[in-house]
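Single-structure report; data block below.
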């Protein structure tokens, strides 16, 4: 019998032993496979068993998947008695080896199960998909959070920074990867291939991180426009008919879109690492570039203006909101733009929102601000009518913001932000912010 | 300032802040760097700090390295108080989330430190080197074993099976990889490039696993000869002048050498996984192959014969040893070969040694037997004068053994071996073994 | 001074010495450059001069290009006096070396000029472009045909079969190549990327020849559908929503489109060579395929029916045309389809047109038939309403034809076709043809 | 029947129809195959026929090969009657089209035969081998020179500059290519892999041209040492134990070995083109390099000194030779070195030999000087005891010479050399040369 026959034969026997389908009660099925995969048999025939498990899982409907995760949560966690014994031993005589024994006792067998699934070439992709499902299900079923924690744990190890490969995406990249950009782009949608082509022209750059186990799948990607001066408006950067500039003549790199593509990698952060490598690569290949900045959306500003600002503890914020909201409702930003004081007020509230509005846990409310300021960038400039497409108006009344990455101050800003909650701003933004503090 | 300047500047300040050298007391140096790498600063400037740490470590002498590992053991373990608190909470109310909290409390910061070093492209290679050093040092310094355990833990995650890529090594492979085969080959030394060339000719195969973070470094490799019938003698397989056979005419694949190359990956097993993939690839590309077998050394047989056999609990073993040892001492295997009964006795004792001699922990004494029988192979044939080179005589009085990989019985043999300690043998070997049980 | 400076400096001096522009009389310019490139200077600085010439040519308008080709025709042909001398010598004493001397005397310096241009990496592409221009211009200016002949001569040498690389085109191919398929496709237009994606799905194949000097440019490509049974209708093969079949289950490969992409390579034939290699590759990778056939358009049938058939020397053809033309004019093919006799007549005339209508030079009138029958294919089946898109109706009243490639009879058919003008047909087609011979 | 069967079947029939072997009269065999390949059959089944011809040729012994070339010379030349007719027509009315018709009549069918062989992937390599054989045979058989001329003609087209790819050779290059360097190296033999490894270290460069049809075969390669100052001695550059320098600190690139690898490409010159591209690449990647020079052997100096110098027309040359020869015979160069006047005389004669000794055709006697000076290099410096290995002493009494490539004067030197026979020398060499002019 050949090895492939062997695999098929195991698969066949698998279908019998662990048989499992929509119409039948299934608890025996995947449970049996998971147990086998963790046993001695898993050592001998792990690939066949893992392949079987993957196929089985793919056939499950939503309810069956929830049952599967519940199984993982209940049956494949660590042994409480063993933990208790190790804990007692450690407390009786604390030691490094006792701590290690305790850590080992507390290590859930689920993790080893995931590692064995990862013997498959397609294992990593499958586990990312598992995590995406776990995240969805754990929203309504807190018991599953423990499974999500283990999925995140192993994925964090597998997506260690040094394993990620920075690649430039160009029009010479395989279409199977380019179509992913169209599918995934989260900030400014790409309506079709001709639009994508323009975003990959000579005066644009696109970089992505790839993981060796996912060769055709960008894990995160960033799009850059090479321009002269700080760009404040996004439409010209996206226009497929815009004339193509000379990259060597550009002095500024504008990061106008960053997209994480894998829901299953949520909370495993690549963005900061990516931006720093991209800045380094741009500096080396285009020495004329002197400024590195984003042109970013302000996702929650309008909602905050409408809900939180009218009852803000700072009177100036409340007053400005009370004045602006009816004006905006009546005439939109065109009306406000025509009134110099109101325009300044809306901009000032936006600065307030970005730089000073905190969540109960003390972190900034705006997720994009939190990311870039946390990276050590500086809140550089607010741009009126930077994005007047419907989404831009809906998120931030058309305002866009530049976060400036100055390599010389990134580390200092980062530490001040993390340790003291201090936000780096340009003088202009500081002035706009001042009335609303 | 450019990012590369930034990195250099940090490196420069690093040299000042964490200054550290042969002539100076150094405890502050790497300790400071490790602390910085684990801090918020490590998030902002992790790559620069990690690079600094790697450079620093490379400059250390043996005593300084031991001090560095001691630092890791003492300062970068988990917080005992936090463990104790989590342990108390768990014991008061055992729960899945309590177990997770305990696992997190017991997770040593050392592991996160290693993960941050792995942001470097060369991080994985460096950590493998760290582990090799830790293994050396822990031999004489048990306190360091805890560091070794953490190194092994993270490396196990990083060397997850699905990340390994099976590649065939041929004469078209870059020389930088081929020279590693010459350096690393552990079973039958490769005296020079012409010898290597023969081992890569058409009737030979060489396969290796590669890890994406070590592009020019085979992690493990196996050498295969394609022959007709079960080979029992190794010299013809190694002879650089041997005529080159037609691979399509071969019916048997002989695995005559398997080498793990990285000391730092000791205990993380790839061999079984490699052999199965190689068998699958050979079956697909050379459908005429019907038999897959090793031709293996018997590393400890002679020593066992000289030390353990004379005082063996089985009288037949003792008697045979008493008879054989003087004969071997006087005339070597030529003398024994001339005496049919003695030849049978030596072969029988060898079967006994391979199939039935156990260590106190109940596992087989011979490491090669342990590996192949554990994979589900069968002890197929003992070959008189299979390797009469000095090393072969010194290890096993010239005897070699075939472990046969029959895909149809691998799983069954593996389970019987693991669960019941049962060794699969051919009938011929069973017969040879019988008098000495 | 650096080599690049040197190149630039030559370029600068070039602009002075050979200055040449739209407003100025130019005969001196490119002529000077061409002379320099053929001189000793060309040996030393050929790359710089060739680059200059390429840039100069690209800046020319149509009239200037015609003047340039006229220059090539008049000044860079062989020396008539030298030819006459060599001819006299040969006739006085014919010999192999005299023939060679004569061949060398008759070799136009234009060819060497083109070879020197081909020192540039982009030289081949440039010369292909030159030939495309020469073909256009020679239509109205017979003097230039001699230049076209030399261009074709060198390109034939450069595009020697063994230099062409067969590559499969898939969705993993770089977009820069895929967009060329959309641009070039000459048989059934590809309206957009989603249509292309379907044509590259699992049950389709696309192969192209590439030349090493044109890495992103397919020289010719063929599109194949893997189906069950001989396909007679093209729409289902092109439908982007068609369900994707299992390639392993297909028994027939339908070549439904072949496109030569480079006008400048006209008359240098790759199609036959491509088809044979594709058949060989398909046979090897999909052993279930038993039938290889085209589904081809009949480009000139309708025009022939309307112009040549009514005054045909064969009375049956004339009569059928006289009957069919008014019916088609009145009711199109739907009307004809409803009348069994007329449907048979139209099909029979089509068979006549494909298999028996000759040009004055004795070759078949229909270029597609000429190509496939010349390759040794068999005229297998006429398909009513095979392509009822506007182009299909306009070319061949919706009829399509299968040319069957049976490897066992290709050589025999080819020889009979070439030597005896005999067209291989299936029995069915022979029957349809018979009344009109 | 499958295409591969078809090919095999043709091959089988081929063996019958064109049967041909050592013991049998063979004229029918290859002649038949060549005729078939040029016929219509060749169009249909060219690949199979060409493959057959290649196999047939490979089985021929030397006498049979000579017979084969004689066949090509006699039967596959142009038709003399057709040439005569075209010649008459041209002389009656000279015209461009008449010249073309004459050129076509004089084009030997041999060339088309070679082009058809080149449909095979291995065709180019085979034709190179044919040319090597033709060169060998034509030495003793002038009738075959005509075949050599045609072989050279088609190879010149196929090896057009733009098709050659410059690649750097490093230790990461496949061994199958590296071993070619060891085999081919013509100037300073490479005794083994460790020597090669040193020549590919960081302070060395090796570049080669590759042709797409010969992927593993360097067509020409050059070896470069990166040093400080003009190197005059070769041993330190070859020493495998020499410390490895920092390439960024080097100011001089020394080309110490250039090797053409393919005898079959003799007379098709790549060296000049290679050197210029290598200089350009070095300038770009190592901007600190200011000097580009060879360190070259003087192959014929000693022989000239011993045979031609004693009877030289210039008395000073005769006198110096008469004085030096007995001294060299008695004490070798050590003796001469000890005598300042004699050392100067030997050096001066060497300058004379390199710069002023001509063959009857007016070209320099020394082939290496002819090559570099023809490229526009300058005769820069003579180096006493530059190569005291046996070969160096035998060729040039240990002297080596630097030819300096100064990009600023290459073109000027080249033209002066080609048009006026003027050799560029440094002032020092001019001084050494002066007494012997």
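Chains here go by letter, A, B, C and D, matching the order in which they are written, and residues are numbered from 1 within each.
Rule of thumb we're sticking to: a contact is a pair of C-beta atoms (placed from the backbone, for glycine too) under 8 Å apart; a residue touches a chain by one contact, two chains touch by 3 or more.
These numbers were taken from a predicted model, which means no experiment stands behind them.
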Touching chain B and also chain D, the following chains: none
Most remote chain, CA-based centroid, reference being chain C: B
Inter-centroid spacing, chain C versus chain B (mean Cα positions, whole Å): 59
Intercentroid distance (Cα basis), chain C paired with chain A, Å: 50
Distance from chain D to chain C - Cα centre to Cα centre, in angstrom: 38
Sites on chain C at which at least two other chains make contact: none
Pairs of chains satisfying the touch condition: A-B, A-C, B-D, C-D
Residue ranges of chain C in contact with chain A within the complex: 171-176, 178-179, 192-193, 197, 216
Touching residues (chain side chain B, partner chain A) in the complex: 1-6, 10, 40-41, 43-45, 47, 73, 77-78, 80, 83-84, 87-88, 90-91, 94, 96-97, 99-100, 102-103, 106-108, 115, 118-124, 143, 145-146, 149, 154, 156-158, 160-163, 165, 212-213, 272-273, 276, 279-280, 283-284, 375-376, 407-408, 410-411, 414-415, 418-419
